[in-house]
Structures are given as C-alpha cells and as structure tokens.
Amino acid sequence: MAMREITLAKAVSEAIAEEMRRDPTVFVMGEDVAEAGHPFKTLAGLVQEFGVERIVDTPISEPGFMGIAVGAAMTGSRPIVDLMFGDFLFLAMDQLCNQAAKTHYMSGGKLKAPLVLHTNLGATRRSAAQHSQSLHALVAHIPGVKVALPSSAYEAKGLLKTAIRDDNPVVIFHDKLMYQDKSQIPEEEYLIPFGVANVVRQGSDITIVATSSMVQVARQAAETLNREGISAEVIDPRTIVPLDEETILASVRKTGRAIIVDEGHQSFGVTAEIASRINEKAFYYLDAPVRRVGAMDVPVPFSPPLEDLTVPTPKVVAEFARLMMKGEPFHVA
Amino acid sequence: MSSMIDTKRATEAAWETPNSDEYLRMYRQMARIRAFEDNANQLYLSAKMPGLTHMSSGQEAVAVGVCSALENDDKITSTHRGHGHCLAKGAEIKLMFCELLGKVDGYCRGKGGSMHIADQAHGNLGANAIVGAGAGIATGAAFSAKRLGTKAVAVCFFGDGALGQGLVYEVMNMAALWKLPVIYACENNLYGEYTKVDEMAAGPITARAEAFGIEAHVVDGQDVLAVNRITRQLVDRARRGEGPFFLQLNTYRFHGHHVGDINRDYYRTKEEETFWKTERDPILLFGHWLVAEKIVGLEQLQAIEAEVKVETEEAVAYAQAAPYPPLEEVTMHVFVEKAA
Amino acid sequence: MSRDVIMPALGMAQKTGLIVRWLKQAGDPVKAGDVLMEVETDKAMMEVEADADGTLTDVSAAAGEEVPVGEVIARIADGSVAAAAPAARAPATPPAVKSPPAERTQTSTPARTPAVAAAPAPSPSPSPSKNGRIFASPRARRLAAEQGLDLAKLAEAGRPQPYLVQHLEELRALAPEPAGGATFAATAPSASPLRLTATLAKDGLAEFCAWRRAETGAPTEEIAVMAGMAAAAFRPSASNAELVVAAYAFGAARSFVNADRSGLGSAKAVDTPANPELVLRDLRGAAVTDLSLGAEAAPTLSVMRRGVETFITLECAPAQLRPEAAIELISEFAGRLAEPLRHLL
C-alpha cells in the first residue's frame, strides 16, 4: 500500500475536502474559516475549491451559528461547525446539548441532527485559563453526542471522515499542539470506525489507556519502563463515545494493572469513567487499584513553569507504573 | 419610510380576493385550537395529564393566520406555547393528545410531550422548552433552504419573552447578512411569564429588528385575516430572496402562563382579562365578521363548533385509551443507527 | 346535562387540596367565572371558579375536607334541578395514604441493591490477622482460591498486607513438601478433595506416536503428546494465557507450555516452574494400578495400566475446579487418549 506523510492540519483539510466533494450537502461554518483558512490553518485551501457559499465565515456568535447549524442539520444539510478554541464550547452548549443531542430522541426518531462540531483541546501553549481547556468529558456526559479524540494525523483524517458521515451530532477534538505533527497515511481513501480502540503497543505487565496527545505521553512512559524490564501495553480508545470497552478489559484481564491518562481535569472526567468500567467488569483480575492521571484540578495558569506542572507527563505515568509493579499499597491496609 | 408604507398599502389591496372556503377552513382551525386547549386544560386539572402544559387560547388567529400562508414544506419552529402552531400547520388532534399523554401514537412516540411536539411531515421542527432556541433552528432551516435551493421559507414563532435571549439577535444578524428566507414572528401577548413586557424589553420591539436592517411590521394578532394577509406578502417576498422579515403580532393569552397559573391577579387584572375575552376574542371577532359580511350564517358557525366539539372529545377518548410506548423504547433513538 | 366540578390539580406535585370554604351552596345559581370555593394547597390559597352557567348541585365534599385532585366534588346543572341528595362519597382518607391517580406514569427506578459485600472502610490496624480480615487484591484472592492456597498462612508468616499475585509464590513455599520428591508444594485443603476416574479399554497413544513418527519423521514422545491432550482438555478452565502442564514420567519431570497450541506431539519441553496449572503423571510404566493422593497444588491427572485397560484419575481441590469443569477435563482427556486421531480432525 502506497503511503505518504502529512501533518494533522493537512489531514483535517483533506478529510473535509474529500467529504465535501462526495456530498454536496456538507458545508463548513465558523469564524475565520474562509480566506483565513482558520487561525491554525487547518482549513487552508478549502474556500478556493468550494467558495464562500460552502465555507461560511460567521460573526463572533457561537450560540447563534451553532443554533443555525442545528436547524440546517435538521433540514437536509450536514454542517461542520468549527469552534476556534474548545473553551468556547460553553457558549454553544445549549444548542449542542439541549437541541442537537436530544432532537432524535425527543421527536421519537423522526428528526435528526447530523452535524460535526470540530474543535480542539490541550494546554501548555501559554494561552492561559480560557484558551487551554480540554472539555470533552462535558459533552461525553450528554446522551446523544458522540466524541472522537484523534491522536495523530492518521487518526484525524479517518475519524473526521467517519464523523462527517455519521447521522448524529459528533464533537471531534484535536490537541492544538499537534497540528504540525506528521504521520504516514495511505494514498487510498480510508475511514476509521467509531468504537474501535487501537492497541498502540503490546505488553503484559500493565495497561495504559490514553487519549489524544496523551497517547504520546503513554508511549514515552512505556519506552522508559521497557528499559527497566516493565512491559506496558498502551491503548488508544480513539472515541470515548462510543467507547471500545472490550479491548480495554481484555488487556486488563491480562495484565491486572491499569493507568488511565487524559488531559481533562482529574476529577469527574474521562479517567474516572474508564476506571469505573474496569472496576465493574474486570475487578477480579485486578492486582492493584486502577490509577488515574489527569490534568490538575486548577484553572490553567499562565506562567510557564506553573502550567507545565498541571498536565500529565511521561515521568508521572512511569512512576505510577513502577509503584504498581512493586505492589506499593496506595492506601493503608 | 413613507414610500414603504405606500407600497405596502398597494400590495395589500392586491391581496384582497375573498375566498369563503378558505375563511371557513380558518374558522374551523381556530375553533379546533380553542377546543383542543380547553380539553388539554381539563385533562391537566383533572390530573389525567402528566407534567405541565401552556395554553395558547386567545392566540388562535396568530397561529392560523400565519400557518395558512405557508406550504406544507415551509418550516416553523414553535415555543412552549405551541399547540396552536402545531395544529395550524396540519397536525391531527388525536395524535397531539396522544403526545400530551405520553402515548406511543403521539407525534414523538410519547418521548417529547407538550413542550417538544414536532411534526416533521408537516414541516414543524418542534416546540422548544428553551426560550428563544427556536430562532437558531428556524434560521438554520432557512439557511439550508437557501443553500439547497428548495425555495422553502421558515417561520420562527417566539414570544415577547424571548426578546431577552441573545441568541435571537445573533441569528437575526446572520439572517440579515446572508439574506435568509426566514420570518421572525413575535407573538407579543404582553406578558413574559408573570412580568409585563414593558418591564422586560427596553425600547420598541420592531426597532430591534430594524437595527439589523430587517424590515419589520406590526399587525393586530386577533384579526386572522390581517395576519394572513401580511404573512402571505412576506412569505412570497422571502421566497423571492427579499428576506428576512420581522412581524410583531399583538395578541393576548386567556389562560395563565401554564395550566397551574390560576390565581393571577397579582400580575393581571380580572378587568383586563375579561376585556380581551369578550371584546378581543379572535374567534368571536372573525365569526361576527363572517356573519356580518353574509359569507356564512350563524347556524353554520354553530354547526362547525358542534362538530369540532365532538371531534375533540373523540380524540381525547382515543388518546386516553391508547397504549404507552413499550418499555424497551426508553433506550431507543438516542443515536441514529446507520442502516448497514 | 351537567358538568362536573373537580378538585383541580394546582401544582406539579400536589396530590390533594383542602377545601377551606364554599362560597356557593347546593341549589345556588352560578355563572361562569363565579368563585365556588377556596382551596388550600401546600403552596397557597386558591379560588376555584365555575366554568359554566347553571345551578350548583350534588355537593359531596365539605369545608375542612382534604380531597384528592381530579375527584368530582359537585356538579353544575343547566336548567333548574331539584336539589338532589348529594351522592355518597367515600370519606376522605388521611393524606398520607393517598395513591396517585391511575394515569400518572409511575417512574420505576431500578431497585438500588445495597452494597452486597459487607465492605467496611479498611481501618489501619497494626496486625491484620488479629481482626481476621485479610487484605488482598481481587486477582490474588481468586488465584489463591483456585489453587487451594490459604492467604491467612501469609499473615501468620508475618508478610505485611495487602497480598498480591507476586506473594502467592511465597505462600506456596510455606506449605510442607509431599513425600516422593515432587517439585511442587502440596497444601491440605479444608474441604474434601474431588476424585474422578475413567477407564479405557485401550489407549491409542502408542499407535498414534508410531504413525506420527512415520508421517513426519520427527521424534515423537508419548509424554509430549499426552501433555498436549491434557492441555487441550484443560484449556476451557485455564486462567493463564500461558498454560503450563508439568508432566512426570519414569520419575522425571518435564513441563510444556501451551502444549495444545503446537501440533500434537511437537510441544517443546521447558524447565518445570514453581506453579504449573496442571500436573500430569504417566504411571503406565509403574506397578501402580490405583491411587488416591488427595488434592495437590494443581489439578492432577494420573494415568495407570490395569492389564490391557488404561485407568485415569483426576484429583483436585474443590476450589481448583468446579465439579462440571472436573468432569469435562477428565472426559476430554480420556476421549483424546482413546482416539487421538479422531480429536485431531
């Protein structure tokens, strides 16, 4: 199979362009999406091919254009709404969660809202508290919304194409620090299905489940651990709604130990949900409590040395793994 | 400004063709809505209907006048006070009662209830429990219509209370920028919940739309023919790409904010209510006009009322006897499952 | 025609209303809009109006009565009606016993089962064995139970808790060694061991090995083949992905890993580990015709000669195998031993 290398930003614009060529009802709307091609340049080239009628610049009206996208989706269009920063999700929440997410259910299956909310997450860019949040847990909590978390350019293209073809509201988050990261992708068209996790690295001593850019963190920790004789298995769920539980559970049954790494806040988030499911369905295979590594429960600070403290790192993940292998009790017996 | 008024008067004159069949149809529709609301109210008071509902009695001319100017494929979005809009856009009475009672034959298989009734086959994108949210959806429907070239028009029904929601202005701004085929129909019934409109909305209502360069009109919401006339003009122009438009319809709700709002005199006087119920009832006004113009006799109107009464009571009985959804349906329709 | 006057529902959670006073009596003429009575709910006092013109009749609830919502308490008759005796109404029952109206959907919450396992928060205690409570990981606990090991022995030996899988080796080493130079520990189980037997008219092992040697030209040892059969028979009950069978023949121990995964007879021998999952003893060369040794650290299959017949025993602790699993193990093993070729196909 012929392969070529592209950046994540290019993967996004390729996925959108391919889907827009395939389906004339798909269009993009958001701030600075047309001539500017998006501040992160993920949409560069699209307005040249599809024109301003399909790549629609909006005023700074997140509730407004999210609402318009919902109405358009309910009446035959397939909008891709670009939200410049994931932090702006709060502005769009009523439209996404009270309207789009519930339309199919509240209408008894008669109406649907096929739309993609395309946005980002991730800190350490020195953008401070209101431009650095990872809010995917909030939308994953709402029945009726699917959530995709690509961990590379390869994942980004395949998952975004699937999202655009899905008949439900899908929120897809890229880590904003990964736009220039490259992967190899096939020349031929490919899609990545939702609800199928990827075992990034096989191992037998401990399972590390990681999302988005935390997959890189987990991989680096695994390499360090490998040099110490600890064999870590790294799993990328790719989508948290739907979640591929079975791959995670099979791994934990094998290893008996699990660490979940996610850039949402430590409390009340994705790590807690996955840890809980492992507890419910693989309890008798656990040789240690499941550990969670999330972002610190603080607003993201501006000052660089402080900001860097708040996110999961390979060092922290590896240290947890060592303690779990030793059998270090995490609380007094 | 004055030239716009002259043009309006000229176009109004051109629309003056009388059509007695259509008038009787509209009268029957208004009577149906009134009967529906009365029965729904009774169902609630006799503890036979779960949850709450919001009566639109008194506002029939708005719903019927506007919806009679729309085609089946034109879209509407509605509010929590949406039974009138739903019926006027073509819904069946008995299926609406089923939905209000949570029965499986209801428009949303019982899963929406009064505040979320949607009738997709007749272009009704749904009542909405979030005040103002319909504005986003209606504007989006207009966006789709323009993008996909369907020639459909969208009407957004909202109340004077929704004038406080920022979303409404955001989408009016975009509708004006992109010249979308949407009509913002503001049902000004003088009260947002329990507060007078002039304590909640500063400045003239129409000025808000005009600030975006959107042409705004005001009409007596109790005069079904006037409502219908202006709507037909605006719909036609919207279809030709001259939209969006704003239409303020002055009306009154006879009941309280919701069915439990019975003792209201702390915010509305009994005299005011009596005045609107006796002097400004849209059905009485239209009936008097039809008889005075000799379009129909009083006995015919009474016959319509009697038929509607029977129709509605049968619909209630049907809905009360209808089954609830099977329990498995609780987890259905969260997601659209793609056919393999 | 008369219309019902009902006790109205005036709030979402309201189930009854208290009639404070009637402003009209039975027989009074009323017009639509006239106040009929004052009703008190938990929120407020409300006036209830007549919704039609007529005469008030059949008043069946009095001031001071608590009436369920939806219940008919009077009628408005149009035209004059002789004051009829009010229909007897069931006396109001105390509010606490009211059941909601039939049509109200009963939300059924799934029964919240209380935490089944009595699991008090662990309190730090200096010597856990005093409490009797043993802290161990779920995996360690399960494996210990399967292998018939008693975690309390670790506590007695002074190993600090909690116990993990890595401590089971130590636990095994604590148990006394059985006579006969076996290289694995035996523990006395508290419950009676399981002992199952099977008899074969003849076994096809020698024949199969000869056939395989001829077909493949490869050396084929009976013990390796037998280990493969035992592994295949035991696979459904195996808890480890790497299934180790310790095989004994002529006094020598050989172990095979995943002997059922390579071709029958081609499994490679490895050093016998401390904790095989299954033990196989080929005693056909010995004079033993029966044995009853009790359970050992792992389920044990023994194969003996009785004249021309082949006699098989399976012994294990009840915690190691459920009865059905034990029956399946010996049946499958015996079947394969009887007709090796049939099971290959």
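Which chain is which? They are A, B and C, in the order written, and residues in each are numbered from 1.
The definition used in the following text is that contacts are C-beta pairs under 8 Å (C-beta built on N, C-alpha and C of every residue); 3 or more make two chains touch, one makes a residue touch a chain.
No experiment lies behind these values; they were computed from the predicted model shown.
Taking the mean of all protein Cα atoms as the centre, the chain whose own Cα mean lies nearest is A.
Of the two interfaces, B-C and A-B, the higher number of touching C-beta pairs belongs to A-B.
The chain with its Cα centre farthest from the Cα centre of subunit B is C.
Here the spacing of subunit A and subunit C, counted between their Cα centres, is 35 Å.
Averaging C-alpha coordinates per chain places the centre of subunit B 55 Å away from that of subunit C.
Chain centres here are Cα averages; for subunit A and subunit B they lie 41 Å apart. Looking at the complex, you find that subunit B touches subunit C at residues 44-52, 101-102, 260, 262-263, 320, 324.
On subunit C, the positions that touch subunit B within their shared complex are 6, 8-12, 44, 46-48, 69-70, 101, 103-105.
Looking at the complex, you find that subunit B touches subunit A at residues 75, 77, 106-112, 116, 118, 120, 125-126, 128, 130, 133, 135-145, 147-148, 150, 152, 154, 166-167, 170-171, 173-174, 177-178, 332-336, 338. Residues 122, 124, 128, 135, 137-142, 160-162, 164-167, 241 of subunit C are the ones touching subunit A in the complex. Contact residues on subunit A toward subunit B in their complex (touch as defined above): 25, 27, 53-54, 56, 58-59, 61, 63-77, 94-95, 98-99, 103-112, 114, 143-144, 146, 166-168.
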